[in-house]
Amino acid sequence: MTRLGNMHGPDFTYLGVPKADLDDESTYSDADVVIIGAPFDGGTGHRSGCRMGPMAIRGCDYLPHDGSRPHLSLRVDPLRELKIVDVGDVLMPAGDTEKSLERIGEAVRKVCAAGAVPVCIGGDHTIALADITGVARHHGWGRVSVVHFDAHADTGDIIHGELVGHGTPMRRLLESGACRGDRFLQLGLRGYWPEPETLEWMARQGMRCFEMAEIVDRGLDDVLTEASRIALDDCDGVFISVDIDVVDPGMAPGTGTPEPGGFTSRQLLDSVRRLCLELPVVGVEVVEVSPPYDHADITAALGNRVVLEALSAIAARRRGEPVNPARPLLEGR
Amino acid sequence: MTRLGNMHGPDFTYLGVPKADLDDESTYSDADVVIIGAPFDGGTGHRSGCRMGPMAIRGCDYLPHDGSRPHLSLRVDPLRELKIVDVGDVLMPAGDTEKSLERIGEAVRKVCAAGAVPVCIGGDHTIALADITGVARHHGWGRVSVVHFDAHADTGDIIHGELVGHGTPMRRLLESGACRGDRFLQLGLRGYWPEPETLEWMARQGMRCFEMAEIVDRGLDDVLTEASRIALDDCDGVFISVDIDVVDPGMAPGTGTPEPGGFTSRQLLDSVRRLCLELPVVGVEVVEVSPPYDHADITAALGNRVVLEALSAIAARRRGEPVNPARPLLEGR
Amino acid sequence: MTRLGNMHGPDFTYLGVPKADLDDESTYSDADVVIIGAPFDGGTGHRSGCRMGPMAIRGCDYLPHDGSRPHLSLRVDPLRELKIVDVGDVLMPAGDTEKSLERIGEAVRKVCAAGAVPVCIGGDHTIALADITGVARHHGWGRVSVVHFDAHADTGDIIHGELVGHGTPMRRLLESGACRGDRFLQLGLRGYWPEPETLEWMARQGMRCFEMAEIVDRGLDDVLTEASRIALDDCDGVFISVDIDVVDPGMAPGTGTPEPGGFTSRQLLDSVRRLCLELPVVGVEVVEVSPPYDHADITAALGNRVVLEALSAIAARRRGEPVNPARPLLEGR
Amino acid sequence: MTRLGNMHGPDFTYLGVPKADLDDESTYSDADVVIIGAPFDGGTGHRSGCRMGPMAIRGCDYLPHDGSRPHLSLRVDPLRELKIVDVGDVLMPAGDTEKSLERIGEAVRKVCAAGAVPVCIGGDHTIALADITGVARHHGWGRVSVVHFDAHADTGDIIHGELVGHGTPMRRLLESGACRGDRFLQLGLRGYWPEPETLEWMARQGMRCFEMAEIVDRGLDDVLTEASRIALDDCDGVFISVDIDVVDPGMAPGTGTPEPGGFTSRQLLDSVRRLCLELPVVGVEVVEVSPPYDHADITAALGNRVVLEALSAIAARRRGEPVNPARPLLEGR
Amino acid sequence: MTRLGNMHGPDFTYLGVPKADLDDESTYSDADVVIIGAPFDGGTGHRSGCRMGPMAIRGCDYLPHDGSRPHLSLRVDPLRELKIVDVGDVLMPAGDTEKSLERIGEAVRKVCAAGAVPVCIGGDHTIALADITGVARHHGWGRVSVVHFDAHADTGDIIHGELVGHGTPMRRLLESGACRGDRFLQLGLRGYWPEPETLEWMARQGMRCFEMAEIVDRGLDDVLTEASRIALDDCDGVFISVDIDVVDPGMAPGTGTPEPGGFTSRQLLDSVRRLCLELPVVGVEVVEVSPPYDHADITAALGNRVVLEALSAIAARRRGEPVNPARPLLEGR
Amino acid sequence: MTRLGNMHGPDFTYLGVPKADLDDESTYSDADVVIIGAPFDGGTGHRSGCRMGPMAIRGCDYLPHDGSRPHLSLRVDPLRELKIVDVGDVLMPAGDTEKSLERIGEAVRKVCAAGAVPVCIGGDHTIALADITGVARHHGWGRVSVVHFDAHADTGDIIHGELVGHGTPMRRLLESGACRGDRFLQLGLRGYWPEPETLEWMARQGMRCFEMAEIVDRGLDDVLTEASRIALDDCDGVFISVDIDVVDPGMAPGTGTPEPGGFTSRQLLDSVRRLCLELPVVGVEVVEVSPPYDHADITAALGNRVVLEALSAIAARRRGEPVNPARPLLEGR
């Protein structure tokens, strides 16, 4: 395989970081972070379109694509302080889930093996099955905690007759043992799915799920503290999975299964920042951005910033110095 | 009259609940809740389009239309625990307000007489005059409190030379005595309407209106507590009226008279949930969803969920057991 | 399997014709035409979204869904003169092409076996492989001519590493022998695909393709006359395949692979009308309507009318009397 | 009544022509043309929104609103050569059809009485009943021919239980005798409405309707020649009624009842130009532009230009000199 | 120069206030507030379109444009209690920044000289250089504090080779001495711009910038208290500059450089209200509303209301009586 | 200057052709065609946004960006048969017209000097002044004919007080003598601009303008024959200037000054093809594609295809063999 670039358009990289090629390890062997596009929407149960997500997330920024993004409050420039490359999209035909997942899983495994943090931009959430498995293969079966932002638990069993799709990946991950149920944290759930049988199965796995009512009641900070503590306990790394539909569809319309009543954009950015500052992140995915349902690219811009917030916080954490994002912007400059 | 279905499109029901026919009482005589579509936008003073609201609200859900919606935090499945039927739209030509209101009023009265809770999906807010009157006819003149979520008081006197329209229904309801002014609660008001004379008239009726500044200052919970207390006092039932424009137009653009600075979607869902848990609800309306101004169906989805939140809380209340929506999702499963 | 209805929304039928169930042959055994939804977009190589096509095409009409559509110029009412039923969507998960195609192919075969004309509404053009094969199984291998309206030949060999997808079905159909190359007519081709090798392969099959330059030069009528003559020669039936992207994207934006410079809507309607009047149609498909890229439902409305034009002309042909669509509307009334 | 301006927004006039007030005859007593806004959509049977049409049509032009519009091929400047004033919108609440029609009818009558040509911008087609009646009152009962561009005949009898609405005005006009059936010409009809009984009624009235198939078959020029000849025969004036949905929805999406397969924009402009050059026009209406379904204001721009084309041709005709629009642009300059 | 009106459309004023003409001082000599349109987008570095902002902000309101807007919670009617006129747009060709800025600067200076508060509606933020300079020319060089709501500091040095543009005005204002750095307050900054060198320059100027993390951490009220205190200290007036992109793009999509994670609309309205109540405001600007990227006019509506909130609070402040916006709406009526 | 790429987004080239750098002549010294982006919209008099045109036109294609585009009817692959490179955008700040034009003019001159055909993608039509001048500098002052497709003559004198803008470039070109008036052909003009004085000036220059009425009357083929003959007479090269608004806004909404009644997309493609086959083209520009007003990228796609059609015909012409685009697609393969 040679570098594909964006499967559905011109070849460019996330904010202009250097290109790399999955088939040529030398192009990413010294990378801290490797961006991987997963333009797959064959697993969506309702609206499709998120195959266009990787291209939209990569390119949606009004600033020059010049390899620099100094984070105002974290005071780091992740694109300069980390070595970040973008291997482009993995070839993922929507009609062939099995082959698509194999490819993304193998890509993630390679990246982990090279010592880098894979950042997967989807595509639908089906890819979690492949990329988290890929991370677990490298970092240890059951040794990676997952913090999962989503309106939906994605722990269904069989949907439309299929074991694999964007409603089931978390169940498959727990069934395989790639992840431990009691190190699987979910934030932002709401609505009317899944049904009680699945919730009981989840409870039996020891999962900890923060539905919106609990988050509103306790406050997001308190909930994040608990989630962070659990995730950190007896683990070798943490995977951050962000389904953009955790944000209220009123603020992030470009997605396939919009459930009203979610996070604000601000809350998502703050949550990702805090977790990536506090936890040893070994993988990130941002999924379910569906450009055809977006308006003025606002959901794509949010996806772009979620990735960048994670990168920034990872960079800040690596400095090994205390960070206070709330410090006045110009204080100490 | 025979069943009309959706006046402006294919015949289907709210989330696939069984069809019923207003002219055949046997089809809804044992129902707990009856959905009634009111596709009328002849009363709007500015942008029209909400005649398409009932169809959009009925159908806008990414989950299968399969007669089941288990609410995650309330732990009820309203579509299974309640007997809910949908009589389809009432024939409401926009150009004939009088006939339209007569029809919806009569429909609501029939439903109440059958012992069910009418849930009206509009359509513009003009219908409040008819459906709340219909409820009052059955439950007692002046015996039903109203909790009204809206950016606007809808208590105008004469607008565009007309006594009846979406800016005046609440005044007409108080003038007729169908509702008591001191049991009429309004939440979410803001902006620049109505003018002082009308506000003085409202004060004289004993109304209690929570403008956004007060809500921000005191917190929504505190305000809801006060509203709930008043509504419950010396009443035989409560009607919940939700104008979707109570939510900020930034999150709910699909409406006709957008006034910036409103609720978040989350706040509206939480408010409806709480009131339907605490109060003896005898009728609900969700109005002013205007699909031609919507984007990616996000306002229609919100309308769908407001209805479902009300149904869920009604179902939970009927169980007669204490409910704590903020309880951790998997606790006790 | 029981009736699925619309896979991605409420259950309603094409313009309100009666429901049928593929698993219960009695529901369609006396039908003239059976509508089948194929909500599959896993085969699209670029923009997805056409899985929402069947629902949009079924419901997009401003007239009452009342089982009657009197065609003005053909003077037939196809919904009354033909017995038309709608079996709803076939379950087609985008991520499993093989299973999806099997299901639609089997559905079409059943319908043909029952003596009816299948009218498939897609969904992407991949389904042509299954539904035309299904028709050929019943009417005779190589005995059905195909008239194919499209901007693209869809005769690619392997795309994105896949033999099956929306760019290859016509090649597969000729390779299998289901269709004869010299009875495969294509109208509306333009642009920059496929490459010469594929065109040479097509030439070797004896295909006859009318690129837009030829159509503009000769006039559409002349071209249709030639196509009709070839299709009718030594065949037992004709299949009409309409990819909506044959129309200029300026008039039909809601599609996935828009190639400027196509038919007007009027030309497509006239072409379908004429062919269905002149030829013994045994199957129809209308594909590639992609609602998320549509505006104001204009492409969905066009898809709805292409189906209805075909049904009308089929009905008119069955009357066995001469038809002159250009006769003055009121003449002879 | 005092001048209302735009009922749904700021007060400005069609392309900046002077304001006038219906209640002050001196403001329009010497006018050649009077623009009247009819922001009514209470008669629409499906999508509403055209109440916003008058404002959109008035203001939608990229050129300065400076009182000059020199027509390139007709070589006239209608805004300078005619005295044109705009009386603003007539107050037309959607929910009160009767009162709305009375007001627009009276406005048109006044304008005719003042010796001017009324140009009504809608609003839905219901207004035809009022404004053509108004014209007939002044110019003679049954003495005004009508040339009507539309996808629909608008000759229904009772729709949604109502005699009056946008599907019935032409029937009411013939029933009252305001217009003669044999001087009622319709161009652009297509689709599936009305049903045969109504067509037979139309035939009995002696109407002449040019369905799209006839227009395509004979060519638009030939059809216009016939229509023009009939309209001119034994009449005292001609009313031009343009429903924007005569144009294909692919080119004019902003309308409520889109029927694919219509005119191009160019064809409509050419037709209006030719008829207003050849015939003694005594009234014009442009209706059914529905801004909420429009995109980038293209339908509003078309509506603006249809009005301007009519004004230009009326101005050219009044010069009394031969006009050849096809003359090379710079020839003779 | 004569009155231009809206440079890009019909001539109407902000909510129908009286027209004035900059060249005729008598038209605004007794005004309290003068609205000035600045339809310039030549300074935008990314998406353009905000030249259409002034027209959109002026006209976007569902209430009648009747010269009255009684503010519900402030209990003032700014359009009646203040004398407000609108001089229309200043002629500002996008391609000539220098001339454009000269014109707007001179307009603002004239207005200040007449004793009125200029309210500038943009247009891009480049205009701040001209209008704040214009205010400083009148009220004293370095004597006017600035409170600046924005996602971006706009303190860049040279962008795209240009000293002047929408990313640099605040630097130019401090360099010229028009404003003091230690009286320049910024709220809502976030994201990845500007780079550290610029931040250090800002620190050296003594600026006080409240990044979103600090605002979330401390609460908006606390931050406003500090900003208000600084602004009031040793100043002769305060200028309020509102870049609409301070609001989250999820709620205000119609802007050119959307940075996720901002204020809610409610927060912006409350902030503007409070500051205009507490501070001696001598000028206001609302910029960067870009209608082509807006949806359903929600960003334009927000811009309209930000202006109106400022006007209302200015009017309330002038009454000289204590104001409590959180007082129950009907209390004391 | 180093290569800028896309001024407003990621760096990629037109359909993936190789990158080149204007400052390094070796990168384009052997090129046949050089693509130059001109992202300038500071000259637009009404709606802006076309600065985003170059990026949209470069990337808008559903086919792989793989350096091959075999034209179906011309039987050439321009991306392979010509050496085409893309130098990216020229830095063009909207607010500095003079500097922007200097840069694009110099870029074009360099490209011509290197023996290549410049293909400029705009951006607004102001750039014509610079790029046609650049071509004339190299090929001879007054020696290059211009064929100009547009709804507007663009021969204004002073607009908004400016000599330079998108309404005046053609006048400036004739005034300077860069082009001869009697070798300046315009096709597609229509509407109400410019005024008679300007038309008289145009006539005096000997221009030949084909207004739409003449085109409809004579047929496009006939008109093209005349235009081609004039352009070829006594010239050393022909410049093809395509303003996308020559196409009807109903089919190409994404533009700033939409004038209804234009070409179809098909007609534009056929015209460009024919002229580039018949004439010695030395430069091409495609301007006024404004993405924020586009829908589903249909106007951008058309712009992409106009460029590709020109490239294809140039390639076909260079072969020196007769070409018959209307030859049956598979004949002779």
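Order as written gives the chain letters A, B, C, D, E and F; numbering starts at 1 within each chain.
The rule is short, and it goes like this: contacts are C-beta pairs under 8 Å (C-beta built on N, C-alpha and C of every residue); 3 or more make two chains touch, one makes a residue touch a chain.
The structure presented is a predicted model; accordingly, all values stated were derived computationally and were not measured.
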item: Touch-network distance, chain B to chain D, counted in steps; value: 1
item: Other chains in touch with both chain A and chain C; value: B, F
item: Shared interface numbering between chain F and chain E [over half = same, under half = different]; value: same
item: Over-half contact-pair match to B-D, picked out of the listed pairs D-F, A-C or C-F; value: A-C
item: Chain centre separation (chain A, chain F; CA means) in Å; value: 43
item: Chain A and chain D: spacing of chain centres that average the CA atoms, whole Å; value: 56
item: Approximate Å spacing (C-alpha centroids) for the pair chain C, chain D; value: 38
item: Numbers and ranges of chain C residues touching at least 2 other chains; value: 8, 46-47, 62, 248, 250-251, 264, 293, 295
item: Touch-based graph of the chains, sorted into line, ring, star, complete or other; value: other
item: Pairs of chains, among all present, that meet the touch criterion; value: A-B, A-C, A-E, A-F, B-C, B-D, B-E, C-D, C-F, D-E, D-F, E-F
item: Chain B residues touching chain C - in the complex, by the definition given at the top; value: 5, 8-13, 16, 58-59, 62, 65
item: Complex interface listing, chain B residues touching chain A; value: 62-63, 68-73, 75, 77, 247-248, 250-252, 264-266, 269-270, 295-298, 301-302, 305, 308, 325-330, 333
item: Chain A contact footprint on chain E (complex, rising order); value: 45-47, 189-196, 199-200, 202-203, 207-214, 216-218, 248-251, 253-254, 256-262, 264, 293-295
item: Residue ranges of chain F touching chain E (in the complex, touch as defined); value: 7-8, 41-44, 46-49, 51-52, 91, 93-97, 99-100, 126, 160-162, 164-165, 290, 292-293
